[in-house]
Amino acid sequence: AQNKRVTLMLDWFVNPNHGPIIVALQQGYFDEQGLTVKIQEPADPSLPAKLVAANKVDLAISYQTSLTIDVAAKLPLIRASTLISTPLNTMMVLDNGKINTLADLKGKKIGIAIAGNEEAIIGTMLQTAGVNYSDVEIIHVGWALSSALASGKVDAIWGGFRNFESNQLAIEGYPSKAFYPEEHGVPMYDELVVVANADHYDADAIGKFNKAIEKATAYILNHPKKAWTIFVSYSPDTLDNELNQRAWRDTLTRFDLRPAAVDLKRYDEFTQFLFDHKVIPFKPKSGDFVPTL
Amino acid sequence: MPPRNPFTRSAQSAEVKPRKIGSSLLQGVITVIVILAIWQCIVIFFKMPSFILPSPGAVLQKLVQRADVLVFHAWVTMQEILLGLLLGLTMGLFFALQMLLFKPLKRWLLPILIASQAIPVFAIAPILMLWLGYGIASKVVMAALIIFFPVTTCCYDGLRSTPTGYLDLAQTMSASRWQTLRHIRLPAALPTLASGIRVAVVVAPIGAVVGEWVGSSAGLGYLMLQANARMMIDEMFAALFILALFSISLYFMTDQCLKRAIHWRL
Amino acid sequence: MPPRNPFTRSAQSAEVKPRKIGSSLLQGVITVIVILAIWQCIVIFFKMPSFILPSPGAVLQKLVQRADVLVFHAWVTMQEILLGLLLGLTMGLFFALQMLLFKPLKRWLLPILIASQAIPVFAIAPILMLWLGYGIASKVVMAALIIFFPVTTCCYDGLRSTPTGYLDLAQTMSASRWQTLRHIRLPAALPTLASGIRVAVVVAPIGAVVGEWVGSSAGLGYLMLQANARMMIDEMFAALFILALFSISLYFMTDQCLKRAIHWRL
Amino acid sequence: MADSVLIKIINGALRYKGEGQYVLSQVNMSIAKHQWTSVLGKSGCGKTSLLRFLAGLLDEKVDWSGSVETPLQGDLSQHVAYMAQQDLLMPWLSVMDNVCLRFRLSNKKITEPEKQQATALIEQVGLLDKIHHFPEQLSGGMRQRVALARTLMQDKPLVLMDEPFSALDAVTRYQLQNLSVTLLQNKTIVLITHDPQEALRLSSKIYLMHGQPAQCHSFPVPTMDVPRRLSGEIAQLQQQLIEQLGKNHASS
Amino acid sequence: MADSVLIKIINGALRYKGEGQYVLSQVNMSIAKHQWTSVLGKSGCGKTSLLRFLAGLLDEKVDWSGSVETPLQGDLSQHVAYMAQQDLLMPWLSVMDNVCLRFRLSNKKITEPEKQQATALIEQVGLLDKIHHFPEQLSGGMRQRVALARTLMQDKPLVLMDEPFSALDAVTRYQLQNLSVTLLQNKTIVLITHDPQEALRLSSKIYLMHGQPAQCHSFPVPTMDVPRRLSGEIAQLQQQLIEQLGKNHASS
């Protein structure tokens, strides 16, 4: 039969976080499901969700935090599947003995790449160490997260990925220490989700899509080494480097084994969390934007 | 006699007497309205979803509702813009003079200036941050960087195309380089230089905003990112609106001054 | 007699005879070397970590090693730049003429042009995406958008500051607006216009790159972001290097043409 | 008679906007058709202003009162060829192109005979060897001659000339005067000059401007046809003219 | 004698770079100290070129052969005040400021007496009422007068004037000639003019330039001191001069 064409916009340039998708693509799992997936890479992570909402692309990779915010802002979005079901963001500091606990951050500079939820999450994490959000200086460092930390311009960075920035810093010779939000009062959330347009989504296609990446995820876990070579084969000259290799290793364990699985309670808790910290004006019911397909 | 070709006339009178402040204020108001109208039309006819292009109404509402926040950030950016302009204009003038006075130096300097223009900020963001930190400095430098090339070019082209007769006269009066520059070349270059300045005041704001993306904890650029991240698009456009107002008012203010200053023609 | 004030002389000869292509090529080479030297110095003296500013050596190596990829992306960007220039220059000239010919129109048009300059692209990126899609269009438009204001301004200022005597003459020859424009105002404006064009060719590349951020699957801007995202900083700078080369060579080529074209002085 | 008058200025008064005092007042002139009319007067008395006004170049720069009557259809300035006090040569055009400027400015394509006419004209003003030079390569007098040639290329019924021969040596001047007379037959010429002899040689009517604001009075001239050769009578008239100018000068 | 000669040009030959033929060749001139020397010649023969060369304005524009001897120390052009054929008034400066341009261009602060001198000068050229006007508001002759005043404000031993009175009416011209003579005592003046009478009134030595490339020959003048009043003798000389010019003109 004629393949369904699906455009998928990633959240950023292809990187290990997209493992299952790339592998599914390379292995032809999408084809098996009768899908032709076309991948686009944006330069601005906030763009894809908007384009889905505008019904310009079928699927896009976003973050649960953003998704919740977007839905609360009345964007017609739904979560179609989950790619990585644990947080990846971490609070990172240089491992040079200066800062050993979150408490040490009192009065320090924290660099961020604005995502809109900083106050809520950083605030919460600091609270667990008895530090007020107002006791730290928050600076947007945009494109230069890790170099900001490495160069000592800031004492900590929030927004770096535990599987990515940490390795990057290590490679550059700056061993880092990470504080994990889920260990410091922040409810669990899915880092990477796939979103679709609430009004125009094609449940059947999404189902097939999920099947494909589920299969890919399984394959990755079963054959990490092979999977790596397959992943790299997507674009050898840009993907095949040490950083990605390390990141790949650290990401393996975080791919969601059941992309289609829905846990409404989990979503509600996180929505509540954002609402409590006034990130969103009201609480969208998770049932509405996390449909069970 | 009946009026003649209105073309040359209007063109002349434009130079002869600068428009009244009052009317230019009125003009300002009119144009703001026009812009809003066009905007509204786009929203309607292209069926823009509000999270991509909010309606002027919504934005104006935000403008009022969040006035305090906006004013605060606008004030920060304003400072950056003005300082940036100051720095950029002086730099531009300075480089132009350098290239003019020390011809050989031009060959070496110019390409570097050009290169400095061709480099997207995100690429050198870490460097900027490393050198300038997250204070106001980085924004001022960005604003300056973005405007100083047009200024340099116009200024340099203006300075070197002085009517030869004037230069001859200066020479027979055995004027020093500096005096010739100060009293002949500079005034003669003003009209061209003016173009440079006009461009500068318009693009300076964007320089400041880009600077704020490099790193900041306040300012309209910062606010925009924040609003965008929180999908408060109307707030982002409110900031955008203020930014545009800056450019426009800066332009017309400068234009008035320049018209008053340059009352002659070569 | 002994030579006199070298100042006026050099300034004159600059206009009189354009430099030879050969020497300007040599100059190009020299300057590239200079830039590399400065760069190296910065790396050494500021002890730049390679992930912030790689050494020229490393970058040149990449330049060779990844030649194929770079050439491909450079080619894409090149097209965008040239098309952007074409569009931007025509737009600039067009708007300038509009404002000149229909004085009232100016009041309405100008502020919109200005506003268009004050809006950071990322803010309207989604809009551009909706309208222009993922193809080359968005980049061309961005490049055009970024250059057409300097062009418009310089062109407009040049056109309206024609020596009145010439206009009078045209009037007594009962020349039509259009003829006056074509044969008097335009040539008389060329020197000023030239400044606009010089600025344009230099900033056009960054316009294209910015356009590539809006959304693209090829081009130097895309390559940079990607390299940056993968921390392949030396590759990013290789792309940056090519971009700078574009600007510089574009500038000097244009400069030569303009010098040839404009052999007179008002 | 009325028909033989091309322009009649009655009680003309002219003041530059923003300036306090009038430049001209109660100017009455009648410019005869197909004749040379000369205007003489102290420097700064308002000759150029008058001419520029007739050429329609001052409309929104001056306040004018008085009437200008002419049988010519429509806008006077459409029938005018104006040679300004400054040679307004386009620096980006060669001598040839400057002389042919008229064709560029009216959409007309330049025809072969017209080209030849232009070349001939350039030769007659003695610049054939400079035909492809640019203005900045010419001497002052040469520039003026190019401007003259450019004016002669236009054929308009009314030709206004502002000190067209001022930068020329006696001999060249003499030649170009004759040239102009021949080429401008059955055209009406208004000539501003500071040279009494020139006025007497060429014009069938002479106006002297004087006073502040300036008025003008006509100065009688013999009715021989121009260009007149210098006779005793002319010499005498010249003497009178100079004295008259001197008086005016003293009076104002 | 040798001492009383300020500039001696021997076998001067001048050609504009890129031009085929020479403009001047075998020019021999000696310019007497504290005297007026006039240069007459057909339009385009090379008078201005010669003057500009002396003023040091052509150094890299022309090929020059021949020698220029002068007792003046150092660079000749440092001792020159040059009044060009075009009044080069700065459009952005008022009449007063244009006249005082010299002070702007040399770091000197302008002193009160100098201010008064300037004002007096402006009055003497009859522009006191225009003292705060800008050049574009002046008539052609007025502009030339401002340029003259500006030149007179400089005190340099050598004054080069290129048709300084060409745009003025007879009377004003007469007055300004006298003015110049008084103010330029014990200065050396080289005057380019097309007016034989002017030359004869003012100069103690007259050179006629003619030919292509141009040479120059001196024309004998009586040894009365200037300004001379028009006598029969002068009238006669004028006639000769005109004829001579006519001959030269024909020959070249």
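Note that the chains are named A, B, C, D and E in the order they appear, and that numbering of residues resets to 1 at the start of each chain.
Rule of thumb we're sticking to: a contact is a pair of C-beta atoms (placed from the backbone, for glycine too) under 8 Å apart; a residue touches a chain by one contact, two chains touch by 3 or more.
It should be emphasised that the depicted structure is a prediction, and the values quoted were computed from it without experimental measurement.
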item	value
Touching both subunit C and subunit E (chains)	B, D
Any chain in contact with subunit A as well as subunit C	B
Of all other chains, the one whose Cα centre sits farthest from subunit D	A
Selected pair, greater C-beta contact count between A-B and B-E	A-B
Cα-centroid distance, subunit A relative to subunit B, in whole angstrom	39
Centre distance in Å when subunit B and subunit C are each reduced to the mean of their C-alpha atoms	17
Averaged-CA centre spacing for the pair subunit D and subunit B, given as whole angstrom	48
Whole-Å gap between the CA centroids of subunit D and subunit E	27
Touching two or more other chains - residue numbers and ranges from subunit A	50, 54, 143, 147, 151
Sequence positions of subunit D contacting 2 or more other chains	56, 77, 86, 136
Residues of subunit C whose C-beta touches two or more other chains	4, 12, 51-52, 122, 126, 130, 164, 168, 170-171, 174, 180, 225, 228, 265-266
Complex contacts: residues of subunit A adjacent to subunit C	12-13, 15, 40-44, 47, 50-51, 54, 56, 143, 146-147, 150-151, 168, 171-172, 237-239, 241, 243-244
Residue numbers on subunit C that touch subunit D, as the complex places them	165-166, 168-176, 179-180, 183-184, 187-188, 190, 263-266
Residues of subunit E defined as touching subunit B within the complex	52, 55-57, 77-78, 80-82, 84, 86, 88, 90-92, 101-102, 104-107, 134-136, 154
Residues of subunit B defined as touching subunit C within the complex	4-5, 7-8, 10-12, 14-15, 27-28, 30-32, 34-35, 38, 46, 48, 52-53, 100-101, 103, 107-108, 110-112, 114-115, 117-120, 122-123, 126-127, 130-131, 149-150, 153-154, 157-158, 160-164, 167-168, 170-171, 174, 177, 180, 191-192, 194-196, 198-199, 202-203, 205-206, 209-210, 213, 221, 224, 228, 236-237, 240, 243-244, 246-248, 251, 265-266
Touch list for subunit C against partner subunit A, complex	49-52, 66, 69, 122, 125-126, 129-130, 134, 212-217, 222, 225-232
